[in-house]
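Here the chain labels run A, B, C and D in written order, and each chain numbers its own residues starting at 1.
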Amino acid sequence: MIRTAIIGGSGYTGGELLRLLAVHPQVEVTMVTSREYAGKPISLIHPNLKGFYTMNFTNFSIDKIGEKADVVFLGLPHGVSLNYVPKLLEIGLQVVDLSADFRLKNPEVYKYWYGIEHPYPDLLQKAVYGLPELHAEELKGAKLIASPGCNATATILALAPAVKWGFVGQMKFVSDVKVSSSEGGAKPSEGSHHPERQNAIRPYEADGHRHAAEAEQELSLLANKQVEVSIVPHAISSVRGAMASVHMWTETDMDDMDIWKKIAEFYRGKKFVRIIRGGIHPYPDPKYIIGSNFADIGFANEKRVRRLTMFSAIDNLMKGAAGQAVQSFNISRGFNEDEGLKLPPLRPA
Amino acid sequence: MIRTAIIGGSGYTGGELLRLLAVHPQVEVTMVTSREYAGKPISLIHPNLKGFYTMNFTNFSIDKIGEKADVVFLGLPHGVSLNYVPKLLEIGLQVVDLSADFRLKNPEVYKYWYGIEHPYPDLLQKAVYGLPELHAEELKGAKLIASPGCNATATILALAPAVKWGFVGQMKFVSDVKVSSSEGGAKPSEGSHHPERQNAIRPYEADGHRHAAEAEQELSLLANKQVEVSIVPHAISSVRGAMASVHMWTETDMDDMDIWKKIAEFYRGKKFVRIIRGGIHPYPDPKYIIGSNFADIGFANEKRVRRLTMFSAIDNLMKGAAGQAVQSFNISRGFNEDEGLKLPPLRPA
Amino acid sequence: MIRTAIIGGSGYTGGELLRLLAVHPQVEVTMVTSREYAGKPISLIHPNLKGFYTMNFTNFSIDKIGEKADVVFLGLPHGVSLNYVPKLLEIGLQVVDLSADFRLKNPEVYKYWYGIEHPYPDLLQKAVYGLPELHAEELKGAKLIASPGCNATATILALAPAVKWGFVGQMKFVSDVKVSSSEGGAKPSEGSHHPERQNAIRPYEADGHRHAAEAEQELSLLANKQVEVSIVPHAISSVRGAMASVHMWTETDMDDMDIWKKIAEFYRGKKFVRIIRGGIHPYPDPKYIIGSNFADIGFANEKRVRRLTMFSAIDNLMKGAAGQAVQSFNISRGFNEDEGLKLPPLRPA
Amino acid sequence: MIRTAIIGGSGYTGGELLRLLAVHPQVEVTMVTSREYAGKPISLIHPNLKGFYTMNFTNFSIDKIGEKADVVFLGLPHGVSLNYVPKLLEIGLQVVDLSADFRLKNPEVYKYWYGIEHPYPDLLQKAVYGLPELHAEELKGAKLIASPGCNATATILALAPAVKWGFVGQMKFVSDVKVSSSEGGAKPSEGSHHPERQNAIRPYEADGHRHAAEAEQELSLLANKQVEVSIVPHAISSVRGAMASVHMWTETDMDDMDIWKKIAEFYRGKKFVRIIRGGIHPYPDPKYIIGSNFADIGFANEKRVRRLTMFSAIDNLMKGAAGQAVQSFNISRGFNEDEGLKLPPLRPA
């Protein structure tokens, strides 16, 4: 059993990790920290977990964690993980960081989007971008996994086949993302107040969403040239699930079957990617993924105007956060990729 | 008092017309037809209207309608209005048609999208496209108003300033629309079943949505050149409200203030268009329009990559259906544009 | 035009008053105060009202209000109104208080529920409990109106005919109320955070809800004996609307028609009460009241076990707050009861 | 591996069974029937299950099922199961019937509620009412399990400790149930149409809900005297989850701790019952059970008026349908009660 600590365990991502790890056959959760709730039972904050954990939240102490854990999942805010990662690696722990702190390879790009010099540019190089569909090989044995979040994951998975196979000439994309409220985390705000959020269709950070940087990094690698990506998220009423729609103009007439084949080829053997096409539900919908780690990928091809849309649907707390982290962790340890992630999506929900 | 008949009054658009006309000072509703509910009280089908109408639904008889009405609002399915309009005009009635039957000017385009030859191509020319922000002058005295629906209205209003002022060089656009469930009408279906629709983020008709034809027609007129438009609707959880997001790449660096000024100039004096910019709610959101005839227009400008998004938010049953029809009717009769449409949006809702 | 001030205008009740008064033909809003947003435009906080008010929020100053207003609507928290009402009355203003501060007649009862001695017991006597269906006569010319809130209103209107006509012997009732999120006001909290509130069916204050005191007071008056009432609210997903279900055991077999007649007799001539019975929608549902001031009243009678349920559905911000306050105000001034309240409910919403 | 057939597998209960059995270590699903979708892939109808089942739906043939299955789960409408059960038992299959056909012991009561003579009164006696918290012993080795549904389960679990321990003198109860839309099944209807169902708070079958009969049967057994129960369901906006609130008047002052102890004693050792008390979430809420088989039980005690409310929260498709059936099946086979049911509830959802 791998002794596992969750640092920052009171938020939604922490809760989702606890949900998954409660039944992961190779994992024993030995420590869950929360500055705010130290000393209080886990089920006080995560009422769904009543009966699954008897331990309390503790304060995070970097001195003791070495004796208690083999791996640490960091569910800390962006800019906070930074301070702990080097020390955690130094004392020999594996780190799965769910923040954005180690996702970008280029320190200049980091500085542009986050406004500060990255203090550990060497670790940026060492970290593996934890999107297993692109980096499964590098994840094996990885000591530092920078696990990507929801909007970047959805956008990259929607666009990856298109930029790889060159569906379009112009390497500029806008990812129109529809996101659920749990993506914003567990802290209440004006915008998350139920009467304001329910029934909203509300763009936010529409002048420049910083997770576009990750999409540009990963897609440029795939395309082998510079790709420009803009992400425009829209807050809607659902609690879980995110959908990226990326519209593009193709240079030539494209056949549906050809597109399908290319996507299928790109994602061949990827356990958590399902290609959606035809039937009663011809396009992906995050509704049919709830609670699971799947990414459903699909497309629509309007030949009349040579418009192609790539769709990608995920559960923002699973493939967009905790599930993906566990998937990368599994690969890093040589476990089956879907260990602890086998239950089908919930429907209807 | 103008005697008013509503043909096809049992659906959501019919119900919304009844809601509005119940308090319209110049209108007396004299007849409401429904094949399915003839003989039954209006409030049986529209329980919100209990106490506002004592009359029953009747069967539609073209012979008697001339004695009972001065104007007819047609809330019939596409392809059905066709059969009644010529006769209604002939007996001297004004017709406000909420179907798509008379919205397109070019019979070829009609045939392409609707699969049949239009039987009355001359009436296509005579009909006024009932989007008052573009056709207020022609609406004065109009005998046949072809009142546009939700997706076309949202798309056209989002793009109109952009194509008029040439924000972008390329005249090709994808309108990513997020739509509420009432847009689908009052008839239950697999897709509208609550457990399936709630929490969905579901693209539909994504291979080619036919109301793009209206957008192309109207925007080409404005741009004075051919504009290509593709509409990709996404069904989400809300009951009311639609949001069009149209992303485009600008050719040069654009300044926010310049964009704002152009939009404001374009919509100057338009009572039902509000330009949204800055503040706590920097972008339009249909949530803040519920129950009203407003279209809220806004934009986001990501200079880094020269990406501009135009947003347009409407209530699909108001500015996207019944409200717009009443607005056009008001103009056609020389009434104040907002007669019967004065109440502010409901919030929160 | 009656010059009207709204004190505490940034919350949902304040916003709803502003929505209604924007089109009230006898009212001119001359002042809207907000400690938090003084100096800021009303539409910044109430984005739905953009275009309806150009004024800014101001600070509340009791010295200046006499020059600016004839009537004051108080949208302040419980315990705050207390401090202003005597002075406002003294300078000759009419006061419509939407807090609970002046709703109870008995200072002992007030002390029991609110934990403090009421400083103005004489004003408790003078205030008129602003439920027009019970106190229309006393409201005429009233200087101090204590306008009741959502749970009390729904409970009293459900039970009033039953206690008046003695449907049951035992004068003890539990009102099981299902409430929407806007009832909790505009301030975010852990419980109102969208991911937590959406899909909740969450009892709260279930050990003793203090607005039961008002229900006991009003129903005891009607029954002419002591009535005990317990209110158990359940927070559910809707944004607007509340439903009270009160289950009781009848002493004898009761006939549906007799019950209906008694209820109809009780509410005869009440403009905002609709008796719901039979048809496709045989029971009240707040869904069909959204945005309006109606209370829909109905019942279910299970003869097998002599169980009777009284239902009452209202819009919590209308008949449960702002709409009711305007209704009482209208009566106090001799206007039509429904002035400014004429638009039918919104549907679907 | 136990070969398992699901008869009537295209509905929500069938889908939920398939979701659970896909990962049940002792079960192999060998046949799934659907009259409507025979020949079509399971994932066409249950898009969440894409990748989990490759088989198609088949037509149900009682002749072949004996070769293919050891146990049969019947997800058929009430009145249809009746026709198959005797034959299925005869050919040696174990039957888990999720309909109401074999839940009542008394044929007279069956006739009262279902309007027909039960054709197999002997089987009524033989069937075990599959509520494991009451009938675990009888379930061991059971050949015919009559698995109860949502409203009865929630009501019985809320009331069981109260009638067992005699919290109240009067053995008459009204269970006020708030139910989610998936409880109505997968077939669209007027009432389930999203624009009508969303935001509804709509009582239904309020004149007498027939599953009260099961509650009366089971609770009378526990109380050892006749118990009368009335169930009043209210349709609300959620997709999953049901909450029963049963209000009662206690004869004496009761202490919270005593009540808690009695409930805890009653449910001691029951794996799927969690007693909720105190903390941030002092009462049950189905929101924190989504996707799991738990029943969360709690109470509120208003001493002022001696009012006690018992609450019971379940996931209607799990403890209220498929999960409970699997739990009973597990017990009948001597497996761990929670085999295939171990994953914690989803949150937030």
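Rule of thumb we're sticking to: contacts are C-beta pairs under 8 Å (C-beta built on N, C-alpha and C of every residue); 3 or more make two chains touch, one makes a residue touch a chain.
It should be emphasised that the depicted structure is a prediction, and the values quoted were computed from it without experimental measurement.
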| item | value |
| --- | --- |
| Between the pairs A-C and B-C, the one where more C-beta pairs touch | B-C |
| Chain located farthest away, centre of chain D as origin (C-alpha) | B |
| Distance between chain centroids, defined by C-alpha means - chain A, chain C (Å) | 45 |
| Rounded Å distance between chain C and chain D, as computed from the means of their C-alpha atoms | 38 |
| Distance from the mean Cα position of chain C to that of chain B, given in whole angstrom | 36 |
| Per-residue multi-chain contacts in chain B, two or more chains | 12, 181-182, 190, 195, 198-199, 237, 239-240, 280-281, 285, 290, 348-349 |
| Category of the chain touch graph - line, ring, star, complete, other | complete |
| Complex contact set, residues of chain D against chain B | 12, 181-182, 184, 186-190, 192-195, 197-199, 237, 239 |
| Complex contacts: residues of chain A adjacent to chain B | 172, 174, 176, 178, 190, 195-196, 198-204, 206-208, 228, 230, 232, 234, 236-243, 245, 247, 249, 280-283, 285-287, 290, 300-302, 304-305, 307, 309, 311, 313, 348-349 |
| Complex contacts: residues of chain C adjacent to chain B | 12, 15, 18-19, 22-23, 44-52, 181-182, 239-240, 274, 276, 279-281, 285, 288-292, 294, 296, 342-349 |
